[in-house]
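You will see two complexes here that share chain A, one where it goes with chain B and one where it goes with chain C.
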Partner chain A sequence: MSDSQRVALQSVPGRPVRSRAAGRRLKRGAASAGWALLGILLAMIMWELVKAVGSVVPFPFNTSDTTMPNVWTMVNGAFQPEMRGSSTTVLQAVMMAAGYSLMIAMGGFIIGVSVGLLLAITMQRFAFMERGLLPFVIASQTVPLIALAPLIVGIGNRFSVGPFEWSTTYSVMFIAAYLAFFPLSVGALRGLHAPTPTSLELMRSYAAKPRQLLFKLRFPSSIPFLVPALKVSAASAVVGTVIAEISTGVRGGIGRLIIEYSREITGQPAKVYVAVFGAIILGLMAAALVTVIDLYLTRNLPKEGPA
Partner chain B sequence: MRDIARSRTARLIGVAIVGAIALSACGGSTTTTESSAAPAAPAATEAAASSAAPAEECTTPTPVKLQLQWFVQSQFAGYYAAKDKGFYADECLDVTILEGGVDIVPQTVLAQGGADFALAWVPKALASREQGALITDVAQVYQKSGTLQVSWADSGITSPADFKGKKIGNWGFGNEYEVFAGMTQAGLDPATDVENVQQQFDMLGLLNREIDAAEAMTYNEYAQLLEAKNPETGELYTPEDFNVINYSNEGVGMYQDAIWASTERLADAEYQAITQKFVTASLAGWIYCRDNAQECADIITANGSKLGASHQLWMMNEVNKLIWPSPAGVGIIVPDLWAQTVSVATKTKNLEGATVITAEPAADSYTNKYAEAANAKLTAAGLNTTGDAFAPISVTLKEGGN
Partner chain C sequence: MSVTSPVSTTAVRATGIWKVFNEGQSNEVTALQDIDLTVEAGEFISLIGPSGCGKSTLLRVIADLTHPTKGVAEVAGMSAADARQQQKYGMAFQQAALFDWRTVRRNVELPLELQGWSKSSRAARAMELLEMVQLADFANHRPWELSGGMQQRVAIARSLAVDPPLLLMDEPFGALDEMTRERMQNELLRIRQETGKSVIFVTHSIPEAVYLSDRVVVMSPRPGRITDIIDVNLGSRDEDTREAEAFFAAVTAVREALRGRTSGSAARARVGEV
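What follows is the complex of A and B.
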């Protein structure tokens, strides 16, 4: 871009700043994508290096091709048909399962976030609720998931209201929600308590109603606490979904696929790794979704550090 | 301010809509997992079983839930065949088959009322019974134990007596008692003479020579070995590469897959009738799979099993070998074999010195009433319920079970 062009662009008010910012963002995006690719490449080289060294020096773990298949075996395995004669490849099956798990995790996340937010508002509004409820909220997370999952499925099997039949999929979603609500309720509670006494006094001097106080002061000031809580909640929802799928054997998701493929590890070791990568991609997709929410919620907040 | 508040409301509604979509999407896809696709292949057994259908009119089938021990696979072929070939429908039952999972304990699900019937190994079910789960064995489908201990041919391990000083794998969680019973019978003390290793559910430990002898089921893990490639020759491993100890032949085999019903509910006449129908139709399914192994393996695959075709057929065939012949009739509990199971379960100590059960189970822990009536009815319908002429097919495993 020549100097004269730049001057010409700058003469249009507002535009050059935006385009420069967009360009910078693009450059930063490309750079971080480059770093990410480099990271993946490094991980692959490390993997092969460990295998190569392991074939000479005895390691405390096994580095044979069945335990640690070569990177190219995994890539090749991803494009093999899932079963002989079936038209779907392993990769397609894994992607479908990851998508299914993502839907369940999203459902669990939305339920968990709603419940968590509601709890936080209640606890913030009534001090006695905070004293009474918070210990239970914390205690709820000390129940081990593998004890909880069969219980929920067992109760679900007996549960039906009219034409509505509880399915094990809902049990998985429930478990995801059960894990997701906790970080959010605790984070949101802190956030709702965040406004300074001066701000509260100002609102009070306006004779603001509790609802106005909540929507106009407490929510906006809770966002810095809410965003990290949302990230943790999303991760919890994904973990809860995959673990509940493994634990209860619910069909369709990535957890079940990992178990199914791991049974074929002696014959086709690459398959289970493809499923594990599917689980990783599932986690990344969930993280990306939350980042979108984050960008939206914090769009009016001053950015920290060099923008 | 007002505008901001309004946009917040809109946002909340938006979130709610996304939530509803996610929920409905998940709800929608669960229904598609129920498949009942089965190719129609009229065979002698099918015709016979349908002629055995009750004369009374079936208006609304009774809903029944069956809890499996694991995912859909040929180990449960008889039940899927009974469902897909309409044997349950002939008995006016609407059977829902609930798959198992890593942490699902079928006998507990049954005792808690989450299912009407459950499949379970006898020793494990008796252990649950002793802890208060009131359940009754109403049909002993598997007549033989399918548990093996597999070692390399060059290891010199050919009987449990050779376990001395070796690394012996077992799965734990109540699957280890036959292994310990074999050692005890050979005069070894499992706690001191043998190095016991908790084994994964795959066979890598043996293939990598991390353990000397691994526990395996004839119908699954043993096949996994024969589906693996020998890195030295590039060919699949063959049975000649391994030594196999079959606990059934060592006299310490325990009864495995059986149909369990709720003891308390068996006092109820309506549940008795349902149990009778369920046992009859399920056993008819197993007879069908004895005579149509390939079709039953295909039914299992059509019901969503991810196992490869040759592995599936191998499993079907090996399971048939554990069921047939049933000289006393299919599903009948033979008192001697039951006594052997109970004896091993009360006498064999695990590493902590505990036995599976501490006392003989009560008389209502099993009944032959339903299996006997089912045998009579199926025989009257012209079916062979003992399988005395049963001949297994031969299955060639391919790499990875494909």
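What follows is the complex of A and C.
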């Protein structure tokens, strides 16, 4: 169907509701984008205001150009060559690093979510597993990441199966997955326990098999719990990736870049800020990904407030 | 249909059912004590009694949702467990328990889906049933867009999906307002007329039990037992039935049986007199 046909279809008198709803959604999207831009603008003004006041009144913190560069210095710095004579700009280097980290974080997220889901399903299915496993799941998150990272690198480096060779990148992904699985398994477990006694009896009266019970009742009932868990897991995967990149020293990602650029803070203070914004954009992209998953999973559920 | 079934004309036969919770502990409760109950095919039976008299527990034993401590429950001439496996009954609860993520039609399809019906045949069957409960126009709506009474009608359509000979209903109209409730009662009687199902209906409401039932089984708590069974001979029901002398007489008979004043035979005699 061509675009013009689609527009024509939407403007037929018989289907005004959908096009009006679409229009409303578009308007709301534009409004929230406007608010976001306004927020960024306000943040920039605040930043400059603090700097301007700080140059007159003594502040208890350092507002000099080396620690808090002007907004325009940062923007300008983003378009400077990364190193003297290099053809890539700082912005390009940061974007590439953020993309690399996003790939690792996504890998960790997918592995973490799969493991978390499997754990939740096992724990829900067998009460003794819940009693036995849940303490370990919770204890797993009390291990300091800084201690864990070199251990995983050390153990992983000896690991190879056939043509598969472990690389430090997998260690980073593993750590991201390690952080991501926890919120998901806890959230999914609560969700799988969510069906009302009546719906469970109903399924029992239909002599539903365990697999049918899982896919036709427990899993759909768990979605309101699963969506927030996915959001936390995605954020954990991103944070885990950046921190693991730093503590394992893996090249190519945003974590390493932040460390490298922060060493140049006296010479080029704008660089480290650009890298930090790269990390923020990385986080936003992960959040956007989860929003897409969210919209897909909740497409059949009642919307809160008027749709 | 079970009426013409050569195997048995008995829809449900419960013999010597006991259900004891927390057996041997200090908080032991005898929910059911030596229950005998037979429901003939095509019969409409109400279980009535105060909270804690075991009426829902008895329904669950018949549905094989809980096991009796002692005694045997048979449905359609087989054990309750086999009857559940072979879908010989449909069930409706006080909560409609519709799945929010499914459309109305796909909620009705659920039991068929679990039985492995093909997509087109279960859609056709679901539409047929939605037509019966007069909700065909709402097939593609979501459950939360429907009123409480409409949701219960969907639940009833769903309980009829596999065409079971028996309906087990646990206070299905308990959460509805009085006007909706009376309409739903008429609806249920019409559906039962059209389908010839046997029904066991748990309720708190005396007029509801009398209006719907061929027999009202009166139960009493601590320990849960059947204290009386009252025959209701009101013939075919319509709105006038609710204001008829015979209806009030039957209501009085059930009420007195619940208070434990009059024996069942005396009450029956009085219903007959009017």
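One rule holds in what follows: the second predicted complex is superposed on the first by the 293 of 307 C-alpha atoms of A that agree within 3 Å, B and C clash if a C-alpha of one lies under 4 Å from a C-alpha of the other, contacts with A are read in each partner's own complex, and residues count from 1 in each chain.
Note that a residue touches a chain if its C-beta (ideal position, glycine included) is under 8 Å from a C-beta of that chain, and two chains touch if they have at least 3 such contacts.
In this text the structure is predicted, and so the values were computed from the model without any measurement.
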Joint occupancy of chain A by chain B and chain C, clash or fit: fit
Partner chain(s) touched by A:L301 [first = chain B, second = chain C, both, neither]: second
Which superposed partner A:I104 touches (first chain B, second chain C, both, neither): first
Comparing the two partners chain B and chain C, which touches a greater set of residues in chain A: B
Which of chain B and chain C A:K216 touches, first, second, both or neither: both
First (chain B), second (chain C), both or neither touched by A:E82: first
Which of chain B and chain C A:T67 touches, first, second, both or neither: first
First (chain B), second (chain C), both or neither touched by A:L289: neither
Partner chain in contact with A:Q268 - chain B first, chain C second, else both or neither: first
Gap in Å between nearest CA atoms once chain C and chain B share a frame through chain A: 5
Set of chain A residues, in rising order, touched by both chain B and chain C: 216
In the complex, chain A residues that touch chain B: 62, 64-67, 82-85, 100, 103-104, 106-107, 110-111, 114, 146, 149-150, 153-155, 157-158, 167-169, 173, 215-216, 219, 246-252, 256-257, 259-268
Partner chain C, residues of chain A touching it in the complex: 196, 198-199, 201-202, 204-209, 212, 216-217, 220, 223, 300-302
Chain C - residues contacting chain A, complex: 60, 63, 65, 84-85, 87, 89-91, 93-95, 97, 99-102, 110-111, 113-114, 142, 144
Contact footprint of chain A on chain B as seen in their complex: 1, 5, 8, 15, 18-19, 22-23, 25-27, 29-30, 33, 65, 70-71, 98-105, 108-109, 112-115, 201-204, 207-208, 210, 220, 224-225, 227-229, 231, 301, 304, 306-309, 398-402
